[in-house]
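For reference, the structures are reproduced in the following blocks.
Here chain A shows up in two complexes: once beside chain B, once beside chain C.
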Partner chain A sequence: MTAHQKILVRKVAAHGFVVCFLILVLVPFVMVISASFRQGDFAPSRLLPDKVSLDHWKFVLGIPYQEVVNPATGETRTIKAGTPPLLWFWNSIKISLISSAGIIFLSSTAAYAFARLRFKFRTSTLGALLILQMFPMVLSLVAYYVILDFTGQHLKWFGLNTQAGLIMVYLGGISNYIWMIKGYFETIPATMEESARIDGASQFQTFVRILLPMSLPIFAVVFILSFISYMSEYPVASVVLQSSDNWTLAVGANSFLYEQEKLWGRFAALAVLSGVPITVVFLLCQRFVIGGLTSGGVKE
Partner chain B sequence: MSEGSVEIKDLVKTYTDDRGRPTFTAVKNISLHIEDGEFMVLVGPSGCGKSTTLRMVAGLEKITSGTISIGERVVNELEPKDRGIAMVFQNYALYPHMTIFNNMAFGLQLAKKKKDFISDTVGRTSKALGLDHMLERKPHALSGGQRQRVALGRAIVRSPKVFLFDEPLSNLDAKMRVQMRSEISKLHAQLGNTMIYVTHDQVEAMTMGDRICVMRDGLIMQVADPLNLYRQPDNLFVAGFIGSPPMNLLKGKVQRRDGSLFFTEATEKNPLNIPLKGKLEPLASKYIDKDIIFGIRPEHLSDEVKDPAHVPVTSTVEIAEPMGSESLVYLKAGTANLIARIHGEHLFHLGEQVTVQFNLDKVSLFDAATENVIR
Partner chain C sequence: MSFNGGLPIRQILVALVVIPALYLVFNIYQTGSVLVALAMLVVTCLGALIYLWDWGYTYRYLFPGLLGFALFVIFPIVYMVFLSFTRYSSQNLLYFNRSLALFLQETYPVGNATYTYKLYAQDDGTYILYLQDDKDPTKRFASEPFELKAGEQVKEQQEPGKLSALAPGEQVKGRPMEVAQVTREKLFIPMRGRQFALPDGTLVGMEGLQKFASRGRLWTLNKDGSLSNTKDQTVIRPDFKQGYFVNDKGEKVGVGFRTFSGFDNYVRILTDPRIQGPFFKIFLWTVAFSGLSVLLTFSVGMLLAVILEWKELHFRRAYRTLLILPYAVPAVLSILIFKGLFNQQFGAVNEFLRSIFGVAPEWETNPWGARVMILLVNLWLGYPYMMLICTGMLQSIPSTLYEASAIDGSNPLVDFFELTLPLVLPPLVPILISSFAFNFNNFNLIYLLTAGGPKMVGGGIAGETDLLVNYTFNIAFRDSGTNYGLASAIATVLFIIVGLLAWINLKMTGRNVKI
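Let's turn to the complex of A and B:
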């Protein structure tokens, strides 16, 4: 083989790998979109729908539509969702936005303490956080259930089957974000904050006026990550939220997958719908994920 | 008036870990008085505790023991902003997301000064520093020298009693450094404030300081004005640290022969013998047969006799660095290596035999055991 041929083979192999990988990523995505536009609720067998129908989308968006009940007589009935799925959509967005904002607030302040203050048990607490984050939230489901049951007896709006309760549980998942933000803070030289301190800024003013503006990129990343994870979180939400008007999109979507009958079409439409806010949040936050925010402040 | 004087007394700094266990003592009991309006330079090799000392004066680092007073007021427990100080950092430490104007105005804004006052003060200071046409820029759009000037301006607008500088010029290129050096000196002359200036560069220390405090390993080795520090080093460390090229230091013993004292170099083969006459005689007489170190600066080796205090030493030229009006000549005398700074437009050739004259009036003798100068 000449050198030229070798390069060619290598190119083909590399491109082949990339194409296979792309297919692996894209096919499920296309299948979900196509399932949402396919008539009927069969598990999708072909990539493109054979019969296009907007029924699933109408259902999800709360628009009544006619469904043929008896093909022999042509008898139809009007279908309209009991709880409008759009309500779940708003619930999800609301819960995810509030939780993510709370996450940013809690984890950035905690990360500031870990990165800049010196106190007893700092390293051991950090280590404990690292270990804690290795256990998935699901493992504590029972505990969350009991705790919320208890708080609900005293504060009605803050117990089981309340969104406030779910948000509270979600806010517990900050340990890995603390680590991420702390890592970022530590790349920022402390002299800028010391300058601010000499200039007369309090610790809080230093945090808000000096450190925060330089940390927008990491906050954007944390916001995106936590928003995505809460938009799609199912196990905890399904246990905490019981009545259907409180459900999030993930819980609602799963409710169409009955043991006997899996309504894939509606499920797929909801899945696609949940991608919309994620995309929007991503596009909004992306503008902040830019380098060079700290450049010029210190000589590296 | 002494509101800008700084008194450091028995200052100790031991760094601790998170649990408060001591890890490293960076400053081991130093005392230093700085006059109001004085330009004091802290100089020493890297890691000797200069920054730690300065940061304790600034209030950025907790004091382990001892006291620091500024203007006769103990400031140990005061926040930095209440100490009447301003600090310029080596890495500028500007606020990257703020304009130059806001960088300089930040402290005044926090102090809730009037808008007019702020824009007036910042405007005047930036004009004096040649920054007035870039007030709306962010720091990243400035050169290194300009950034350090902004940092200087930020310190000036606070109108502190004491300026603290931590190696402010180390990040600048050589030319900029020389320029900023004279600017800071001019600033000191204009404002008349107390300034404490940390550097590891002895040239900077010598050219800028009213007085210089030489530190090593968390201790003060000597405090003196530049000339005295150069002429009369208290110990071997200062002798070797100050001056470039460094002082020639020869190890040996004092010996008495035929009723006169000699310095005899400590080597096996043909050691250098230098008579210890004049002012050296009474000093050396206490050290007969003891180890001492003989120190002489390069410029006190010359190639012509000027007065009877000179003694000739025969040596061979190893390297010669002609620099126009003077030459640095690296010599070998016996086994000893010597550097001579010889004035005049001589040309020295490798391997050439020259007789250099030691100016005994300028020699320092050190006790080899204590490393202190013999007085």
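Let's turn to the complex of A and C:
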């Protein structure tokens, strides 16, 4: 075998392996799309739907449709979602957007102090942030309940079963992001800021006018990562948000899969509907995300 | 102090935050939560000082973030540790004062006076109770107007309503309702929970559906804190160890209350066989799961990264984009989808395996099947992240190294194990550790995929695939035996383990990166 042939064999093997792996990885996606267009409620199991129906999509989008109740007489009834599932998607987007924006505000200011300013207990505070954040959020639920119950008695928009209350809880989880942003700030030389100081800018101005614009890539990363993690968050949202018009996507989607009756069709339609925009955004920004992940090494 | 364009913007902003905050503090103080109000006052003043005086400059950047962190990360931890030293469960749910109050509100029928009653519905939706003594019809009483919610049980005992005597011939205002109507409209349900006091202080309450009868307090509070039963003269006293009132024979009476229990919950983890058995089993599985997850995702991620780094391979970009898809989809959705795919009877995975190999593994009922499924799903969810990280690491290796080794006539396998791996592994260690810690607490995956099932034989609420964090969650929130104290103790142990991991991670990172 010549060296050329050797490389050819290797190439074929590499393509073969990657393609096989890709098929295993992508089949679930295809099955979910097919389940959302399939008549009846079946768990995702086919690559193509046998009987195509748009009912699940209509339900998810809040459009009324006719369902045959009795096939013998052809009797039908109109079905319309009590709470349109699209609303959950909107709630999730709203909560995740506001939380992520808040996270960027809180963690970038804190990261600035850690990266550029010197103060007592700086190193130990940084360490404590990292270690304390390891406490699983689920096990803080009792305490969240106590806090929100209390705030709800005094400020009713921040109580239990409010989205503002949930956002407030989410804003606590900033320490990973502080670390990521701080790491990025430290890669930017401070000389620009120093010369601006000499020209008479205040410290705050150097932060807002010089450092922040230069750090946009890391903010994009933090924004995307926190956005995705809040879109996926289930346990806290399911305890805080009780009424169905407040639910997020994760809570709502799970509600379709009862123990007794699993409404796979609706679930699949909702999954496709909500998965697509996030996936597109993620893929568009993947270069940023890869850069941020490899520099910070943080996963939620 | 600096002024921006003449207007003291900073001072105005501080005032805009501080004034409502102080109002809130006052409000909270008035409702009786003195400690919370005090804590808020201190925080508000501290904030005002930091933003108004120059010495607090550095802390202006830290204050909002650290405040949120303190409230939603540190406070829950402190609260959890505090709870772990208390007896607090569905049996010991109330604070001592509430439990005591329940005893003191208990009544029993005394004397033989009975009263016929009527409710008078008022125009504004409230009611007035009218009583007439059965033996002496001239004794008639009426209450103040009060609210009743039809069909709703009174959960908390209220102050007894005041009854005042009616003068002869005086009529009660409103529309009278007879017993039948009261029953029909389900007003008797909230009425049963209410008590009224006659002008001489005697309590009266509903006796059956038809009558009111005078009632006496069942328990009287003695000076030493014990309670005496007025009916049979027994004495009960609070036992702060058990969190119950006990009588002379040591039997528990009534509902329990929350109490400090010292290290009882921790001792229970170590000694109680019902907890200890599952605890260690679950601990082992948690470690195995986290370790295997890291190993699998890392190996697959690294393999794919190495293949895709091969410059001569076509479609590299397209492959990479498709391969990171699982990372882009919200994990909640993909986990639930896998739950459907791995369904034992109808799932696509078993349908496929049955048609090709004639086997149908028990993903749901067999513990090992379930564990394999969990690892497979977690591999699917986790390899893209490792692939991205490894790609970043591989790209930082100078290509001259490989060229040199190619001259020496090496092959890709040798290159990988003798050149690549030793170079990328050390900087990857902190990432592997934090991935381990992440999986150690991977609540969502287990909760949504198997809910801990199948059940552990003889393990109570423990499931074969429960991670420690899921087990703790179940003890705290699921089923009848909710035990916040015990759950908090396990959570504290859990936190110490993961905290240690994080600390080691920090020390290792600290060697490479200066913080």
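One rule holds for everything that comes next: the second predicted complex is superposed on the first by the 266 of 300 C-alpha atoms of A that agree within 3 Å, B and C clash if a C-alpha of one lies under 4 Å from a C-alpha of the other, contacts with A are read in each partner's own complex, and residues count from 1 in each chain.
Basically, a residue touches a chain if its C-beta (ideal position, glycine included) is under 8 Å from a C-beta of that chain, and two chains touch if they have at least 3 such contacts.
Predicted model, so just to flag it, every value in this text is computed and none were measured.
Asker: Can A:F119 be said to touch chain B (first), chain C (second), both, or neither?
Answerer: So A:F119 meets both chain B and chain C here.
Asker: Applying the document's definition of touch, where does A:I33 land relative to chain B and chain C: first, second, both, or neither?
Answerer: neither
Asker: In the overlay, work out which of chain B or chain C sits against more residues of chain A.
Answerer: C
Asker: Which partner does A:M214 contact after superposing on A: first (chain B), second (chain C), both, neither?
Answerer: So A:M214 only meets chain B here.
Asker: Which partner does A:T191 reach: the first (chain B), the second (chain C), both, or neither?
Answerer: first
Asker: Applying the document's definition of touch, where does A:L141 land relative to chain B and chain C: first, second, both, or neither?
Answerer: A:L141 sits against chain C, while chain B stays out of touch.
Asker: Could you tell me if A:L129 is touching chain B, chain C, both of them or neither one (first, second, both, neither)?
Answerer: So A:L129 only meets chain C here.
Asker: Of the two partner chains, chain B (first) and chain C (second), which one does A:I93 touch, if any: first, second, both, or neither?
Answerer: A:I93 contacts neither chain B nor chain C.
Asker: Report, in rising order, the residues of chain A that make contact with chain B in one complex and with chain C in the other.
Answerer: Chain A residues touching both partners: 118-119, 123, 293-294, 297-299.
Asker: Which residues of chain C touch chain A once you look at their complex with the stated criterion?
Answerer: 2, 24, 27-28, 31, 33, 36, 57-59, 61-62, 64-66, 68-69, 71-77, 79-80, 83, 304, 307-308, 310, 312-315, 319, 321-334, 336-341, 343, 346-348, 351, 380, 385, 388-389, 391-393, 412, 430-431, 434-435, 437-438, 441, 443-444, 447-448, 469, 472-473, 476-477, 484, 487-488, 491, 494-495, 498-499, 501-503, 505-506, 513, 515
Asker: Which positions of chain A touch chain B when the two form their complex?
Answerer: Touching chain B: residues 118-123, 189, 191-192, 194-201, 205, 210, 213-214, 292-300 of chain A.
Asker: So in the complex, which bits of chain B are touching chain A?
Answerer: 18-20, 58-60, 79-81, 85-87, 89-97, 106-107, 110-111, 138-142, 144, 147, 154, 158, 171
Asker: Note which residues of chain A are touching chain C in the complex, please.
Answerer: Those residues of chain A that touch chain C are 7, 10-11, 14-15, 17-18, 21-22, 25-26, 28-29, 31-32, 42-46, 105-107, 109-110, 112-113, 117-119, 123, 125-127, 129-136, 138-144, 146-147, 150, 153-155, 168-169, 171-175, 178, 183, 202-203, 207, 228, 231-235, 249-250, 253-254, 257, 262, 264, 267-268, 271, 274-275, 278-279, 282-283, 286, 289-291, 293-294, 297-299.
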